[in-house]
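Working notes, structure below.
For clarity, chains are labelled A, B, C and D in written order, and residue numbers in each chain start from 1.
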Amino acid sequence: MGNALHLENVTMQFGGVVSVNNLTLDVPEHQIIALIGPNGAGKTTAFNCITGVYQPTNGLIEFMGRPIVRNHPVGKALRNYKGECADKFASDPVLNPTPDQITGMGIARTFQNIRLWKSMTVFENVLVAKHQHAHQNVFSATFRKNLAEEKRMREETMELLSEQGLDAYKDELAVSLPYGLQRRLEIARALATNPKLLLLDEPAAGMNPQETIELADFVRQTREKYDLTVFLIEHHMDLVMNVSDYIYVIDFGSEIARGIPEEVQNNRHVIEAYLGVADEEAI
Amino acid sequence: MKKIIALIMAGAMTLSLCACGGAAPAQGAGASGDTIRIGVFEPSTGDSASGGKKEILGMQFANSETPTVEVGGKTYNVELVMADNGSSADKAPSAASELVGKDVALVLGSYGSGVSMAGGPKFEEAGLAAIGVTCTNPNVTAGNDYYFRICFLDNFQADVLANFAMDKFSAKKAYCLGENGNEYDQGLVAFFKQVFEAAGGEVITDSFPTNNSDFTSYLNKAKSEGADVIFTPVSIAYAKQIMEQASSLGIDIPFLGSDTLDDNMVLEATKGTNLQLYVSTFYQEGGSEAFDKGIKDYIKHNSNAMTANGGNDTISAVTAMGYDAYYVALEAIKAAGSPDKGAIKAAIPGVKYDGVSGSIAFDAVGDAVRDTAYIKTADTASGTWAFEKVQTGSSK
Amino acid sequence: MEYVISVLLSGISVGGQYALIAIGYTLVYGILRLINFAHGDVFMVAGLMGIYFTATMPITVSIPLVLIMTVILGFVIERAAYKPLRSAPRMSVMISAIGVSYLLQNTATYVTGGQPMTYPEIPFLSSTVGVAGTQTKWVVIITPFLVLALVYLLTLLINHTKVGMAMRAVSKDFATSRLMGIRVNSVISVTFIIGSALAAVGSVLYFTNYPAITPTAGAMPGLKAFVAAVFGGIGSIPGAVIGAFLIGICETIIKGLPSSWDVSVFSDAFTFALLIIILIFKPQGLFGEAATDKV
Amino acid sequence: MLENLSAFIPNLPQVFQPTSPLFTVLKKAAVYSLVAVSMNLLNGFTGLFSLGQAGFMLLGAYTYAILMVPASQKEQVYYLFGGCAFDFSLPDAFAAIFGEGGAGGAVGMILSCLIALILAGCVAGFFAYLIGIPVLRLKSDYLAIATLGFAEILRAIFQWQKLGPVTNGANMIKGFTTFSSFNITNASGATLLRLSTFVPFLVSSVCILLIVLLINSSYGRAFKSIRDDEIAAEAMGINLFKHKMMSFVISSFFAGVGGALFAMYVANAQAKAFTSVMTYEILLIVVIGGIGSVSGSVLATFLYVACSEWWLRFLDSEQYIGAFKVPLLRNGFRMVIFSIVIMVIVLFFSQGIMGDKEINLGALIGKIRAKRERKQ
């Protein structure tokens, strides 16, 4: 099995602030990989680099063995550059796809602070995510020449909703759902884009312990059912330790540890990062 | 809940206004009974409001002077029905149909050619004759059998002014300034240029964007180009602005203006300055003493009229034209022998009337047969208009 | 040469007058993220008030009164038309601003009867003076200096007073400032008061120079001042001032180009073209700060 | 169709006579409702705050006018420029095919008018595409001011005397096919059947129907997702630029058609009419109707046009209730009241008449039935 996702020397610098520093990691196919770290460690920024929201200042991102994002600093950005390996990709062409192109390749994501379309129903929220892969154009859609395609989209959406246990709410406004279900709907919406890799940005945020346990099962089942690779950001240690196959830990943008859950749990750097550096006297 | 209230409010508004709208045309049963209604299609809001109001003033004065007309042995009261065309082409059709809906016998107006052209088809459709008072664009009457006018046309006026410039100042070089996109300004400038260049002169044309207020660049340009006259056939607000700025720049080149500049607002701007301003116009104060005295009295005793006239009693030419238009309308009604709009329309081409602004008759297109214009100059010391001369065109 | 000087002179004075309006835009936009379309009309109303007040009162009373009334008008507009929409989408507030502008223009038409009104002569400012062979009004000479002095005072106010500090805080982060106990509503009112006061001063200078006022007289200077504010980087006072001077000078130069080119009609179009170019290539303007969206 | 009632029913109230302002208002409202719906597609459904509608209407109006002036009239219309530089005229081309008079003439007129309307839309759409490339990257109010600027630039260009041989400079273009041309007359010129109100209704309805179909399609949903949350839409695979451009071009296409209809309504085309004030008016209509509601926009247009141009006109002249002279009423008062009404709506009913809901006739009838049944 190859890697679904591969990050190489990815650095994201905003002005003088390095949010992600020289990050290199692998997400093997069909595994659940977690990226953890304290608040402000640069986790979401890394996600934004992968999904095309930001263009990394430097580095390479490969998806299914194919380079999808690549950049290197030039000019003023190079002069201000504080990261490493500035010349590693200098001779390669820059790749800077838009988020929708990345989604089209098979990477879907959820958001840390839920971003559902508030004026739409549960059903429509998922249906819109089907839009990208539908065989239609604006004329065929306006003149209703795409009825077969529209029917297929609606059926698939319905199927997805019932699989996720959301079919009972299909005509309700998405934002009127309880918090946990909104999270689940966001995942369902991401699945509607037919992804190979699912990026979950703090899926357990705001959930109670019971819901968190259910979520762990849910993530695992989803991976099996849709033959997915999952890459998740999480704060909730219980969930991470329970669900992940492998964990990367970053702080201040740089990697500080990696390993299977047990290794990471006992890593001194990780404990320090989360609990703060212990005073010397205390040792 | 709010939405329901909104709906109810909207509904109530609709109903109540429906009632108003429905009732208004019904109360006056057109020309039946003993009232004849004359529609006044003039701007009282928008850019040309100032001129429109002065024109209405003339009609109102004429109406107060002669409020009845005798047709076929029966005396009818004449009522003026106003509709504001808002100086804009998109409001003009609905103003026109407002008049049509109120069953007027004929229509007077408008000040400004653009609105006349926009409203014209409505009158034509309804078979209603319209008499333009000071709309000088050739296209108002061309192609519309129902539109007539009592004023001269742009090309005549431009011709008159071009000739005047050459006669009086031996001008060789003229600087013309008009508003971009205003058919009145640009039409006059184009015709002026034709005549002036045909006579061997040189013409520099320039346009300024709508709502412009800084004219110093243009005036300085005219000065540095060495123009002998400056021709500014612009609307009143711009003319006022130009005069004010010219005086502070100390421009000593004579200004030529069209009928729009014959306005006390412009006159006021030249008072106490060293500017030379000459305008061609339809009427010169003193042309008819009875009219002058009458209208001044009317203005003095009517505060609304005073406001409409810009706060003083100087008579604008458009007021005289409005006054004449009203009497032409009465003549047409008399000639038709009935208050029927069709008969009136048929009678207009035959109407001949000696008004305060000269004698009025119509040609085949429906335009007034006129061959003279008055040129007057601003007496800057006293702030009045002084009669300069009667000028005829070259071609006619 | 005389010609060039006279064009430049009027460019600088127009620029100065735009600058006074532009500050109002930039302050309000900096804090509320609202293009206050009504600002140009407040400027026009200030002009009209100048006419009506001087008709009945001596200049020494009427000009301060214009200032006070304009400030009250700005304050009332903010309280009545913008404050109730504080939590509404930005589009609603902007539409409300358009509505206020519509209301002010229509009321002005009603009051003046649609006549162009003449701004009174103001002693000294209206008198003429000769500069390098050309003749001009004193107001043209004074405007740039007055503007710079006012801007200096305003910068002092913003950088060295408590109110100024609050204004800066609110423009940086609206929600946090409120949490930190800044009375955001008062700060916004102060902003509108300053903006209106400057618009009133601007109206005195502008209409002394261009004395005919129509109900739409504020629309164009308003829009141009807004462009100036964007050009300089919205939220930045020196930016707005420099932008306004540049636009004023460019505009008069375009108007002054030879007639045979026939491009002077595009002086307004040029302003808008400049705006679009700036927005596309340097959306933060000359002195503005770039902002990023948080995902 | 209502216009023809008077032919069949004698003693009809004044309001329904063909000369009544009712029909002028209906025509204008039909035209404006199309423009309002097209603006709503952009502002309400896609969340792009654009203020360029008047500019696109201008393009449509001029395209229609230039194509539709018969060659025989060009000399007169372009009298300042000694005729038009653009010799082609659609009605002439069709007259050559179908003949001048009778049924052939009618077919020719309808076809030429239809083609000109579509071309008017296409020109507007094409310019929207060009303008969209740079400006659609801008955010909310910056987009608004940039599109407003473009509309102003377009107006200045069309008014430029140097382009006079094509655009007729400052002068208006007239003499083309208007709504009244569709009235069926007999040989002596008496009107048999009035279609001049029916035609704008027909064209507008078809266009609005198309917009509604688009809004309810997969693309319409994509537009709404962009409005609700751009970042989420992009992450769910919706190409922002493509869809924004699509909405912008389609909206401008219909604004262009609306502009052509507007030219037919006022029987002339002149750049002076298409100012930013017109855009503001349309925007206010959209707001009053409810941002994101097609039926709201249509309803609001009819109310707005009827109020401003008909029902409130009585405020402009002195009125007496019995012997009491109502104070304040004089010229211009109508617009003051009108703008106050608008402010009240904007401030207190910011959802507009319909919010983002649609009038649903089926549901309405169902409700009434249910009520009746309950009573029985």
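Miscellaneous remarks
By definition in this document, contacts are C-beta pairs under 8 Å (C-beta built on N, C-alpha and C of every residue); 3 or more make two chains touch, one makes a residue touch a chain.
Note that the structure is predicted; figures quoted are calculated from it, not measured.
Touch-path distance (fewest steps) from chain B to chain D is 1. Under the contact definition, chain B and chain C share the contacting chains D. The central chain of the assembly on a C-alpha centroid basis is D. Mean C-alpha positions place chain C and chain D at a centre distance of 33 Å. In this assembly, the C-alpha centroid of chain A lies 46 Å from the C-alpha centroid of chain D. Averaging Cα coordinates per chain places chain A and chain B 71 Å apart.
With centres set at the average Cα position, the gap from chain A to chain C is 47 Å. Within chain A, residues 53, 111 each touch two or more of the remaining chains.
Annotation for chain D: residues touching 2 or more other chains are 156, 159-161, 231, 330-332, 335.
Multi-chain contact residues, meaning those touching two or more other chains, occur in chain C at positions 109, 113-114, 262, 265-266, 268-269, 295.
Listing the residues of chain B that touch chain D in their complex gives 2-3, 5-7, 9-10, 13-14, 17-18, 20-22, 24-26, 44-45, 49, 53, 82-84, 88-98, 100-101, 103, 114, 117-118, 120-122, 125-126, 137-139, 142-143, 178-183, 185-187, 190, 205, 207, 209-210, 304.
By the touch rule above, chain D contacts chain B in their complex via residues 13-15, 17, 19-25, 28, 73, 76-77, 79-80, 155-156, 158-161, 169-172, 174-175, 178, 180, 196, 262, 265-268, 270-273, 275, 278, 303, 305-307, 309-314, 316-317, 330-332, 334-335, 345, 348-349, 351-353, 355.
Listed in rising order, the residues of chain B touching chain C in the complex are 43-47, 49-50, 53, 175, 180, 204-214, 216-218, 220-221, 223-225, 236-238, 240-241, 244-245, 248-250, 265, 268-269, 307-308, 310.
Residues 43, 49, 134-135, 137-138, 140-142, 144-146, 148-150, 152-153, 156-157, 159-162, 231, 280, 283-284, 287, 291, 330-333, 335-336, 338-340, 342-343, 346-347, 350 of chain D are the ones that touch chain C when the two sit in their complex. By the touch criterion stated above, chain C contacts chain B in their complex at residues 2-3, 6-7, 10, 14, 109, 113-116, 118, 126, 128, 134-137, 206, 209-212, 214, 216-217, 219-221, 251-252, 255-256, 258-260, 262, 264-269.
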